[in-house]
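In the two assemblies presented below, chain A is common to both, partnered first by chain B and then by chain C.
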Partner chain A sequence: MGRFTLQSRIDCGDRTTSVALLEIRELSIRYRTAGAGVQAIDGVSLELEAGGSLGLVGESGCGKSTLALATLRLLPPQAELAGTIRFAGQDVGGMKERQLRQIRWRRAAYVPQSAQNALVPVHSLRAQFRATAAAHRMRATEADRRAAALMRRVELDPALLERFPHELSGGMRQRAIIAMALLFEPELLVADEPTTGLDVIVQRQTVNLLRDLRAERNLALLFISHDIGVVAELCERIAVLYAGRVMETGATADVLGSPSHPYTIGLRRSFPDIRDPERPAVSIAGHPPRLAEALAACPFAPRCPFAQPVCVAVQPPLVAIAEGHAAACHFAGDAAAMRSAANRPGLWDGARAA
Partner chain B sequence: MTLAVEMRAASKHFLPGRHLFRRGAVVRAVDRVSFALPPGRVLGVAGESGSGKSTLANLLVGLETPSHGDITIAGHRMTRRPDAALRRGVQMVFQDPFGSIDPRFTIGRTVEEPLLIHRLGDAAERRRRAEEALEQAELRPAAAFRDLYPHELSGGQRQRVAIARAIVLRPKLLVADEPVSMLDVSVRAGILRLLRRLVDEGAMAMVFITHDLSIVGSLCDELAVMYRGRFVEVGPALDVLRRPLHPYTRALVAAVPVPDPAVTPAELPAKLLAGGAPTASGCRFAPRCSLAIAACETTDPELSEILPAHRAACLRAGETAGARP
Partner chain C sequence: MAFWRYAGRRGLHTAVTLLLLVGFMFVLFRMIPGDPTTMMLGTGELPAEAQQRLRVLWGLDRPLWQQFIAYALNLLQGNLGMSFYFRRPVSEVIAPMLANTVLLMAPVVILAIVIGVAGGSWLGWRRGGRAEEIGAVLALIPRALPVFWTGIVLLALFAYQFRWFPIGGIREAFFFPENWWQRLPFFDITRHLVLPVATGVLASVADPLMIQRTALLEVRHEDFMVLARARGLSGRAQRRLARRNAILPVLTYSAIMVGFAFGGQVLLEVVFNWPGIGRLMVDSVTQRDYPVAQAAFLMMAAVVVFLNLLVDLAYGWLDPRIRGG
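Now for the complex of A and B:
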């Protein structure tokens, strides 16, 4: 009877499914180098439901882009993966190239940071739409039809399809790339700093476009950015990465509203806010570590103004502090006190200059 | 007191290439810009790419010569070939600390380089001044940094080296072109505070060029908003941010993302995004302006004082001065 019950539960689980669109479990990624190697990602678990949005924020070198590329298995061969990545229940890590092509771009598309470099300079946009389509066995006529509709959707004149990338402005190129990413009506968009380097008005336009597209197409969004302002506008959930680990994760409103990891608290305070232009932002002294191997301590401890001896001895696990809100800090329970202490100027200056 | 820098109706026009494009119009990268800055003050210049911010910076440091108008640094007029004293008077900090520092030079050599170029002091003196500049840039102790190479430093530290190199000549004017935009957010504030402190302590003025309005308030005394080569709004930085008078400034302020998910992002008017070329005689912002009236097509407004010390080049700035941004 026990067996029956177990079996039926599994069946039930498979059918009704709360299977996440993207599920990352205990993922570690290490780059082999001539030297000691680099531990880019260390034990990260994340989930993204169909139609959901998750923002990955953190400083340069924290592993954001590595994680994004790993979801589509686009990492270079020097990268060694441990752990699992599942897309719609299927194990991406174990897929053959042929199976990957069924997912890449068709079901999960990628928008890179620099649209300038992502487009081929010597081909017209139409040629690039067609090439993308052909790589996934879509006819040129169908590609043309969809390209025109998508260009209109991203508020570009379809006549621009005959143009070359250098004839477009940065914002137009970025929107053209987004249009191309939507060619197969994917379920997931992985966008790596898609608005970085754009002017503020163009950035606003791109952010609003992504937000509207998400709503009308039930598009899930994995959004990588260092700009918590943009993430606050686009993503329901947020994960703060530091040295390849998740420091804090939860609903965007919770994480930004009551940050509970010292790193998030500092990051939040290092962001200027146009609504309060006089308030000086803080600067977190020091810089992120480059880890040759996984650390058995809190990676933020050397820069943390609240660090205690335990922080350099024991790695704090990511533990829930409220419904759907978790932080990897031994003192996450004292978050309210840390937040109020964080307003003291000078707290973050530390001993060393950044 | 001598002004650190004064620009009088300075313009820089670029002639279109004859062969590549058939007959383009003259590009007015900087168009009759005037301002004056005493020592100890910081002017922020904000605008989008293509607004002429960087050409303005190049004019100030003498990398470009103005087509019209003139520029005075600490009382000396900038000529086509500025002399060494004038060039020492104005130094620049660039955007990219990875590209602006020679990777083969030690930090000490990098900071001594301007002294070598200007043949100032002997080896011991140069070394002393370089170490002093490094300490001022908060790379302490300087002796620990002197023999390092750029690749051993973080982005923020490299930018501090670039700042030390710029101040080692004790300039009257520092021109900083987007000095924090390539740095991690967590270290930006430290660099901005450092720049402010150096201005306050060194009797130096600074022109701070940025596209990011959110960092202007805590650093700049005055703010100029640039659009298509022209200053369209100038005033005390906090006044401009809190009570923008020009519709373009209002759009820029509204477009800045706010790190608070409870705030609904601004929708921008379609006309602002669609753009269009301005008429030859009208306001250059009129084709994108939702407040434009017929007169805006025919009159090119000059900067005029709308509120105390707060000027805008907009025919309707007076009417809208009371309106919320």
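Now for the complex of A and C:
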């Protein structure tokens, strides 16, 4: 692990003085399998300040969900962790289940994908609120009082607490989980694709809800999504993941305004631009590498239209391009040239032989 | 409200099933060659004239549908007819045997299900470990062995060798307690129950155990189990949640298990000389005692049908997703 080091501390302007709420250093996660194993996360370093927001974007299978689950140590036992995860200064990686239970939900809650059946099918919502409360020694009466208030806050009728998950729509279930996530006024909310599988209007409501909750509760948000538009709206900072590595990171405006890694440029191009509706959306030819196999020095090189021989020989370090903006590309310095070349028709249609 | 509508609909299904069952049993036993009059004497047949008189007397000369209505009406009043062999009402013949069978099989079924669910959950939670492999094999071995063999081995060891338990039967004809605990009520019967119950549990524990293990393995990978960890639930609470969500398949199976238990375990009853309904059924068929055999089969089938109704209702109670459906 740790094949590259941070050239510059990635910080975010005046927030450098505050202690990071979530600090991930040189994190590598490997799934043991019957074969060689799968390297899901490879030397990732990230930081999230109290009350801050960080979006993790990338294609399916780039390790986003693994990273999200790892922050609360929710991975299955066959996942091996190396590196450090710190939550409010405490080493999460070395904690026992007992200690983890003090943090889980009480200080850091997790909101899974809406399409998943994350709520227990055989228990009413009230029973699930109460079970969560009981796990943290909160009395049922107090849990009921808070549950009703939180349901109202997420604009659900508290009468729905008597219902079972299958009696609610996908959007309602998602709101109920968000309400439950707020039961102990956590400092961090880890949301793994919370809008995936919802229709557009419900998606919009969920995003608005998360944005408002963040503002009113000083809630830090680690938001995982493949939808750049949603991330841009919710997160001050962004990290682009590819094949379990950070390709580019920085303030959302910088990363999306002047993307400096070819992958980010391509990803940006793959979403329609509201300011330029004429511009066609492109798709990056090829698919992310299978993580069970050995990667090229730069994992994106096989799909990159700007790849040079050096890209398969030397792993590009994550270097700072500007204050708080870094990219893992040998040619990040020529980002402006790559951005203008990116408009050339046909550029993303076929990967150059690397 | 939805539950009662569901319960009503399921109750109606059960009533129809039972009616068909009674009809089927009736026809089946009438299809067997001969009728009760051919069996009146052990050795030879009655004179034809006497047979005819008996047929008229017992209503066997009437059309089959009239006979069926008479039979069904009798059945509704709890009248199962007379045993040819014992010359007593069938209900009087069956009732004590049924009581003995329940006495034997109730602990067998309860223990098998409780041990099976607990053990299966334990194994499922430890998927992949050495303990899981050994545990599954240990549970499957006695299931693969014939019941009479296991029973004879237990008898040889604990009844003949160590003399801890009696060799069979349900109670001793003249039991004289030697100390205060032998004076406890049911002491003698309990002593006689230990070995047959142990044999029955050994033979039947593997099924609920393996079913629960598989169900638990499936539940473990559900998203709500990941969220249960995220919610900070303790290991015990997580295991309870997994068990609770994995219980339905075992419940279905246990209805079938109880149904067959009511038919008695013939081999178990023979090995341990237990006067239960399984032996009565076999005897009544060999002795051509059709009213008894018919009633015994009918009762066994009815128990299965009723338990299925009960399980279906319990399903609705255990899994809210089924109530509406």
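By our rule, the second predicted complex is superposed on the first by the 321 of 354 C-alpha atoms of A that agree within 3 Å, B and C clash if a C-alpha of one lies under 4 Å from a C-alpha of the other, contacts with A are read in each partner's own complex, and residues count from 1 in each chain.
As a working rule, contacts are C-beta pairs under 8 Å (C-beta built on N, C-alpha and C of every residue); 3 or more make two chains touch, one makes a residue touch a chain.
No experiment lies behind these values; they were computed from the predicted model shown.
K.L.:
A:312 contacts which: chain B (first), chain C (second), both, neither?
P.N.:
neither
K.L.:
A:74 in the overlay: touching chain B, chain C, both, or neither? Say first, second, both or neither.
P.N.:
Only chain C is touched by A:74; chain B is not.
K.L.:
Is A:341 touching anything from chain B or chain C once the two structures are fitted on A? First, second, both or neither.
P.N.:
So A:341 meets neither chain B nor chain C here.
K.L.:
Does the superposition put A:166 against chain B (first), chain C (second), both, or neither?
P.N.:
Only chain C; A:166 stays clear of chain B.
K.L.:
Is A:138 touching anything from chain B or chain C once the two structures are fitted on A? First, second, both or neither.
P.N.:
neither
K.L.:
Looking at A:95, would you say it contacts chain B, chain C, both, or neither? Reply first, second, both or neither.
P.N.:
So A:95 meets neither chain B nor chain C here.
K.L.:
Of the two partners chain B and chain C, indicate the one touching more residues belonging to chain A.
P.N.:
B
K.L.:
For A:127, is the partner it touches chain B (first), chain C (second), both, or none of the two (neither)?
P.N.:
neither
K.L.:
Note which residues of chain A are touching chain C in the complex, please.
P.N.:
Those residues of chain A that touch chain C are 69, 72, 74, 97, 100-102, 104-106, 109-110, 112-113, 116-122, 124, 131-132, 134-136, 164, 166-167, 177, 180.
K.L.:
Given the complex with chain A, which residues does chain B contribute to the contact?
P.N.:
Within the complex, chain B contacts chain A at residues 48-49, 138-140, 154-157, 160, 184-193, 211-218, 237-238, 241-242, 251-263, 265-268, 272-273.
K.L.:
Quick one: which bits of chain C touch chain A in the complex? Just the residue numbers, please.
P.N.:
Of all residues in chain C, those touching chain A are 222-224, 226-235, 237, 241, 244-245, 318-321, 324.
K.L.:
Please name which positions on chain A make contact with chain B in the complex.
P.N.:
59-60, 155, 170, 199-205, 207-208, 211, 226-230, 232-233, 252-253, 256-257, 266-268, 270-275, 277-285, 287, 349, 353-354
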